[in-house]
Each structure stands twice: as C-alpha cells, then as structure tokens.
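Shared chain: chain A. Partners: chain B in the first complex, chain C in the second.
Moving on to the complex of A and B:
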C-alpha cells in the first residue's frame, strides 16, 4: 500500500471513530448495520470478486451467525460476545464445509442456483421448525457482554452507540486486516488465477476445487461474524435473514460499492444503508427507487462507487 | 382413496400454474441465456391485473361464465409489458451472468413497487367467483370445475407451445437461435426480433399463470418472491432451458408439495429444496437439460 491511500484510510478510520461524538444517536445506530454488513461483504467478495463465484445464498451464513447469537444468549445464557462470535464462526465452518464441497464443483449460474437452494433450505428450516428456531417470530437476542464487561447499567442506545459501536468497529478493522493479508498472499493470487482461467490454473498445478472451497468457507465465516454483529442492535433473529431476497441485497451492496476493489464492499454497505434509510423516509416506494439505482448501476457503472473513484475502471476484476 | 385423488388433483393444479411460470423462465433462458428473477413479479402482475379486469368485466355486464377467458386475455394483455422490459435487458445480453441476474432482480424490485402503487399492499381476492363453474362431487370430496379448467388450459398452452417450437418455421428459427445465436444471426435471422418475441412470450406465460391462479387464492406481494424459488426448483429439476423439463419438473414439484402438505406440513418446502439439491448434485443438468460447461 502506498503512502497516500494509507493516509486516506487512517483519516477514514479516525472519522469513523469520531462518529458517536459528531452525529446524532440515530445516525450512529445506522452505522452499526453498515459495519456488520461491511464484515460480511468483504467475506462475500473474497468469493465473488476474487474467486469469481456468485453466490445467491450468502444470507444463509448471516442468518447462521444471527441465530447462533440468539440461541447462545437467550437459550443457553452464554452472554460473552467473544464466545458468541467464536461459536458463530465454528458453526458456519461446520455448515459451509459440506455445502461448499458440493457447490464448488459448479461455476456460474449452477453455482448461483445451488447456493440459492441451500439458502432457501435453511430458510424453510428456520421457518418451519418452530420448537428449535421460533418459526416466523424468530428468537430474541439478549444484550451480550463485551470483553467480559457486563454493560446492563447502560440503556440500549447508550450501549449501542458507545461500547458496541467501538466493538464492531474494532472487529471490522481486525477482520478487514486479516482479509487484506489474505488477498495479498499466495492464497489471494491463487484465487485470482482460478477466477481468470481455471483450466490454466489447474494445468499449473493449482488445486482449483480445494481453493474454491477455502474461499467459500472463509466467506461463510465472515458472513457469520457479520450476522452476529447485525443482530445485536435489532435484538431479534428471524427467518427473513436467510431469505433469498436478502442474498440479492448482499450482491446489490457489493456491486454498489464495487467488487473489483478491496474496499468496495465496505463502501457499498455504508452507501446502501444510507441510501435505503434516506429513501425510506422520503417515500413508501423506496424499493422502486432502489431498483432504479440498481438498474443504472448494472448498465452504466458496473465498477460501482469505487470504480468511479479510482478512475482506472478496468474491465478486469479483482483487487488492485 | 378419494383423499388421495384430492391430493393428486391439487398437486396437478399447482403444477399446471407452475408449468406456465417455469415455461416462461425456460423460454427466456433457452434463447437469451438469462435466468429471469423477475418472473415472480410477472406472475403477481398477472394476478392483480386479472382481478381488475374481471372487476371491470362484471361491471360492464359480461357474463361470469366467461371468467377464464377474461383471465386468459388479461394475462396476455399485461404480459405485453415484456416488450418494454426486454428493451432494458437488451443492454446486458453480452455481460456476465451476475449482472444479468442482478438486473432482473432490480426489475423485480421495480415491478413490486409498481404493483404496490397501483393496487396497494393489502392482498386482493376475487371471492369465490370460481364457483361459477360449479363442482364435481366424488364421494366425500368435491372438486371445483375451475381447477380442472385451469389444468386443461395449461395443457392446451403446453401443447400449443410445443407445436410452435417443434413444427412451425418460427419455432425452428427459435430453436436454432437457442442452439447457436451467432450462426443464426449470420444466416440472416433477425435475432433482435426473436429476443423481443421470446421474452414477451415468456412474460405472457408468467402473467397468464398469475391470472389463472387468482380465483383460487389471493393476489399478494408475497407471491412474487415465493413463486420464484418454486419456479427455480422446477427448472433445476427439469433442466435449464428445456420445455419438457419444465413440464416434468412442475409435476414433480406440484405433486410433492401436495403430498408433503398432507403427510407432514413442516416438510413442505424443505422437501422441494432437498430434491433440488439432490438433482443438482447427481444430475446437474436436470432431467432433460443439455450438458453445460
């Protein structure tokens, strides 16, 4: 990373840290889902942008993380957020390995449809098995402890815009850094090679399926962490999290930010949440407006916001 | 025994409607190679428009006996919206599948709110207008004749489509274009025109499906995303791009659902997705799909 982008990054992180001091509480609570989606989306983009596999069932892992936190906090009484996140990661790994083993044998539209089918399978499981998952009413989430601190003396908003905000931001930085290291490591290069020419990669001795699987599982874990963070401000894990339109929104956000840039997905998450919030207050027909944005995006600006900013709107995908 | 007859019949009715939607998906995928996520929106559009048209027809004193024809015609009329939407899709024909999929997702969002603007968010029904055709009573069960008519109409449409695709010159051109777009373009086929016609035909199948189902169940905004996954299940089981596959897939999904609801309601959709996954794993091209990749 060169000096100037690094400076921009530091300034942006600093700006994010200042958000609770500058913006009204409402806007701070808007940043929370953006951070959560940010984590989920950089994971998603490892699979989509770097490996070239478009999953239309990624909401499964977000829902998995959300339900893990819900079950742990309200059913098992385990309130430590670190343990919750660890459990969410392990859970998503256990689920994603078998699913991934089946899915990575396919590419393009078949991969998309298979992941969509698995996502919907999980959705109907959540929806129908009432005793286990609470059915359509979902499971409540009890406020988790952060770093062993019982914060129940704070009221909900103070908890969310204070400790929980910095906790989420901290996780975004940690997971973002890990992902940055990963995509710039031999692993990242392998994935990009597989994306650009799987046959040639195989010819060169790259174990294509194995690397696709690794990418799939890592992206699932990131999804679960995002889901775990997403559900705490909402306070409820419900089956809609796993519905296929939610997966569609995940793809939407990633494209909005720009999938051929490392920071694109995070930018996309912030832009989407902000845009949606503004549209919802403006009109009851916000889906129409979002649809228009998406149409324009797909047709005119496939590089997303980052593609627009970084000028070099190259047709090639992948990180810089 | 009669209980099973009831299940089979409701399964076939469901399959008849599903076939129309999935058939539309298959047509469009076959020629344009786009999986149309907006097919559910067409379905809902057909349903709402059908209700409005039937309301108008009754107001102007048209006999209720003509219900099914009114619905068929209104399905065809509103399906012509496909001409406009194809214009939008045309911009991404040579782009990656991900973007094509996302554009149809956007169209779904747009149409959903168009429906909300025109008809509002509350579900609409036609009451029990379908009983105008009476019912057959067999022992302990009674079968509304309307359902039989819908099954009949769907079969007729399937046969008609089959005839067009297999026997007419237009059908040959369509199949040739689906097989090799460049080649048929080189041979002087007006591919732009074929695309418009096929996409509109696909939309019309979806809207007719919606219009026909509406006398038996309410038109709601939920039906948009719900039917998409079912239609997906059908095309995956049957094989992408195959009309015969859509027919068989629709029958499998329709009957499976009817039986699952009867035996163990929790399994309803779960079972369908399990079948979809099994098919994708063991026979990724579906029952009738051509080898891809």
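Moving on to the complex of A and C:
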C-alpha cells in the first residue's frame, strides 16, 4: 500500500474511534452492526470477490456465531467474549468443512443454490430443534465480559457505546489486517487465479478444489465472528438470522460497497445500515426503495461505492 | 539415452469408438516434436493422454520414470510437465506479474504461505521478472492481462507455463489466432525462451506445416487414431503421399 491510501486509512480509523464522542448514542449503536457486518463481509468477499464463488447461504455462519454466543452465555454461563468468539470460530469450521467439501465441487449458480439450500436447512433446524435452539423465540444473549472485565455495572447503552464499541472496532482491525495479509499472500494470489480462470490455474499447479475449500472455511469463520458481535447489541439470537433474505442482504451490502475492492464490503456494510436507517424513517416502503437502489447500483455502478471512489481502471495498475 | 516421456501401447476408447489405437512413442531430450494430423485423427486425445488429463483405456504413459496416466494437471505440473492451450488462457483481472508469480508460487511450493506478501517476496518477484523478460513482457509487469494485445496474451499464457520450470512443455497450436506476420516472431521467442529456461523437450500440436517444417526436429503424424509416421522433417516432407494424407492436399513446400 502506498503512502496516501495508508493515510486515508489511518484518518478513517481515527474517525471511527471518535464516533462515541461526537455522535449521539443512537448513531453509535448503528455503527455496531456495521462493524459486525464489516467483519463478516470481508470474509464473505474472500469467497466472492477473491475466489469467485457467490454464496447465497452465508447467513448460516452469522447465525452460527450468534447462536454460539447465545448458548454459551445464557445456557452454559460462559461469558468471556473471547471464549465465545473462539467457540464460534471452531463451530463454524466444523460445520463449514463438510458443507464446503460438497459445495466447492460446483461453481456459479450451482454453488449458489447449494449454499442457499444449506442455509435454509440450518434455518429450519433452528426452528424445529426447539430444545436446543429455542425455536422461533430464539435464545437470549447475556451481556458478555470483555477481556475478562465484568461490565455489568454499566447500563446497556453505556456498555454498548463504550467498551463494546471499542472491542468491536478492535476486532475489525485485527481481522481486517489478517485478511489484508491473506489476500496479498501467495494463498490470495492462487485464489485470484481460481476466480479468473480455474482451468488455467490447475495447469499452473493451483490446487483449485482445496483452495476453494480453504476460502470457504475462512469466510465461514469470519461470518461466525461477525455473527457473534452482531448478536450482543440485539440481545437475542433468532432463526431470522439464518433466513435466506439475510444472506441476500450480505450479497447486497458487498455489491453496494464494491466486491472488487478490499475495503468495499466494509464500506458497503456502513452504507447499507445508514441507508436502511434513513429509509425506514422516511417511508414505510423502505424495502422497495432499497430494491430500487440495488437496481440502480447494478446498472449504473457495478463497481459499487469503492468502484466510484477509486480511480478508473487503467491498463497500468502501477502495482496497487 | 532413456526417453523423457514415453507412451507405451496407448489406446483410448469412448464407448465403442476408439479414438486412439495402440500408439507407442518416445520423446527424448533436445527434441521439438510436432504432432500433426487431420481433424479427428486423435491428436487432442493423444496429447490429453500424454499430459495425464485422460487415463488411457489401455497402455501406460511414463514421464521421467513414473506413470502419469490420468494424474491430472496439478500433479503434472509438480512432476515437471507444463501445457499451454490453443485458446489463450489468461487471468483477465491479474497483472502480468501476478500471473507469472502464481506459477512460481506453485513451483517453489509456497502456496500455503498465507502471511507473506507475494509481491514483496524477492524470490518470487525476481523469478517472475526473469521469465517475463524472456518473453519481452518485463516492461509490462503491472499491466492487467486483459489490456494486453492478443500476441502478448499468448506470450503471457506460455510464459506462465514456463515459469513452472518444466522439463517438458506441450504447446497446443501456439500460434493459432495470431496474424501470419506475427507467427514467426512468436515461434522464435518460444524457441529461444525454451533454451533459456532449460526446457529439455517441446511438443507442438501445429496445423501450419511451414512452421512445422521450420521449427520441429521430428514429426509425429496421426491418422484415425493410429500412428502414421514418425520421421524427421526432411523425410516427412519428401513423401507427398504422407502429406496428402495429413493435409488432404498436395503442398508444395518451399
């Protein structure tokens, strides 16, 4: 990364750190899901933008992370957020490996449909296995401890816009940095060859299926971390999290931000949540308005917001 | 001298149709072998069997002492054989550098390194530049592949195969889709690149008989799935009967 983008990044991170000081509490609580989605979406985009596989069932892993936190905190009494996240990551790995083994044998719409099917399977599992999942009423989430700190003396808003906000931001930076290293590593290089031309990639010694699986599992793990963070402010894990429309939102946010750009999904998460918040207060037909935005986006701005912001494609990319 | 690559009594059937019938051939170091034949002669099947993409119904394919029958492309590249296709195969969104680096990563077995920056790794980048320079792409390392000219795309395609440092390379019509004027340029680049890259033997599937005559050291002709001839170019082009069978008409060779 060159100097200028790095400077912009530092300024943006600083601005995010200042959010609780300058914005009213309500807007700070809006940033929380944006951060959670930001983590889930950079994982999703490893699969979509970098490996070329569009999953329509990614909400499964967000729900998995959310339910892990719900079960751990309210059923098992394990309130350490770090342990919860670790458990969510392991859980998503265990689930994503067999699903991935099957799904990565397919591409394009077949991959999309299979992931959608698994997402819906998980949704009905959450509905039907009442004993474990609480059925349609879901499971409550007890406020987790952060870095071993019991913060129950704070009221809910103070907890969310204070410690939890910085905790989420910290995780976004950590997971964002890890992902940045991964997409620029030899692993990331091979994933991009798979996206662009899997047949040619194989002849260059790229283990296409294995690397698709690696990408699938990593993206699931990011999804679970995002889900774990997403559910804390809400306080409830419910089956809607795994519903296919939620998977659709994940795809929408990523396209809105721009899947060709590393930061696109994070920008998309913030834009989507801001947009939805504004539209909901403006009109009861906010879903319709969001649909219009999606249509306009695909037609006028296929590169998403980041596509608009970053300079136009030139033959010489100057090693970005 | 033991052969680098050997097909032993290879047959391939698709149902009741046999595309390849008892073909035995050996390929040695320092050879540039042209594989010729009319459409439907079994050339494609033969090279697919030779490169381990298809498992022969009968027979064996031995490369550097080990069987490679049906091993698939990834193993093939590890064993030291590379292949480039008739239709240009590139990664449209990757730069020239990223494309060649991808092959070098495989060759150096660094693909599981998820932490280092692939374009900061001197070993990878230097090797990529070295290969790119052989193909005169060194000045376009940061160009996105989709913006290259057709000829450059073809060179990039082949360059990435060379970057695997293979011992044997199979090129399927390397000059197809290239204007007649550029064909020689590409072939010359290829031949000198092969020398520079230390490639021991080259197999060419080629329709253009003039190129075959000029660049190959041996010609293997297939017809109806059988081996029709295995001759040096001089003797091959001396036989009008052979040429008539392969090309379907008389060719007056310059």
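Note that in this section the second predicted complex is superposed on the first by the 312 of 320 C-alpha atoms of A that agree within 3 Å, B and C clash if a C-alpha of one lies under 4 Å from a C-alpha of the other, contacts with A are read in each partner's own complex, and residues count from 1 in each chain.
In this section, contacts are C-beta pairs under 8 Å (C-beta built on N, C-alpha and C of every residue); 3 or more make two chains touch, one makes a residue touch a chain.
Predicted model, so just to flag it, every value in this text is computed and none were measured.
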Chain C versus chain B on the shared chain A, clash or fit after superposition: fit
Which partner reaches more residues of chain A (counting touched residues only), chain B or chain C: B
Partner chain(s) touched by A:102 [first = chain B, second = chain C, both, neither]: first
Partner chain in contact with A:125 - chain B first, chain C second, else both or neither: first
Contacts of A:294 with chain B and chain C, given as first, second, both or neither: first
Spatial angle chain C-chain A-chain B, Cα centroids [nearest 10 degrees]: 80
Contacts of A:77 with chain B and chain C, given as first, second, both or neither: neither
Which superposed partner A:248 touches (first chain B, second chain C, both, neither): first
Which superposed partner A:117 touches (first chain B, second chain C, both, neither): first
Partner chain(s) touched by A:187 [first = chain B, second = chain C, both, neither]: second
First, second, both or neither for A:302, with chain B first and chain C second: first
Smallest separation in angstrom, by C-alpha atoms, between chain B and chain C in the superposition: 15
Overlapping contact positions on chain A, where the chain C interface meets the chain B interface: none
In the complex with chain B, residue positions of chain A that touch it: 48, 54, 56, 102, 106-110, 112-114, 116-118, 120-121, 124-125, 127-129, 243-245, 248, 251-252, 255, 284-288, 290-292, 294-295, 298-299, 302
Residue numbers on chain C that touch chain A, as the complex places them: 72-74, 76-78, 82-85, 89-95, 97-99, 101-103, 105-107, 110-119, 121, 124, 140-144, 147, 157, 160-161, 163-164
Complex interface listing, chain A residues touching chain C: 181-182, 184-190, 192-193, 195-197, 199-208, 211, 313, 315-319
Complex interface listing, chain B residues touching chain A: 35, 37, 88, 91-92, 95, 97-99, 101-103, 105-110, 112-114, 116-117, 225, 228-229, 232-233, 236, 240, 265-270, 273-274, 276-277, 280-281, 284, 292-293
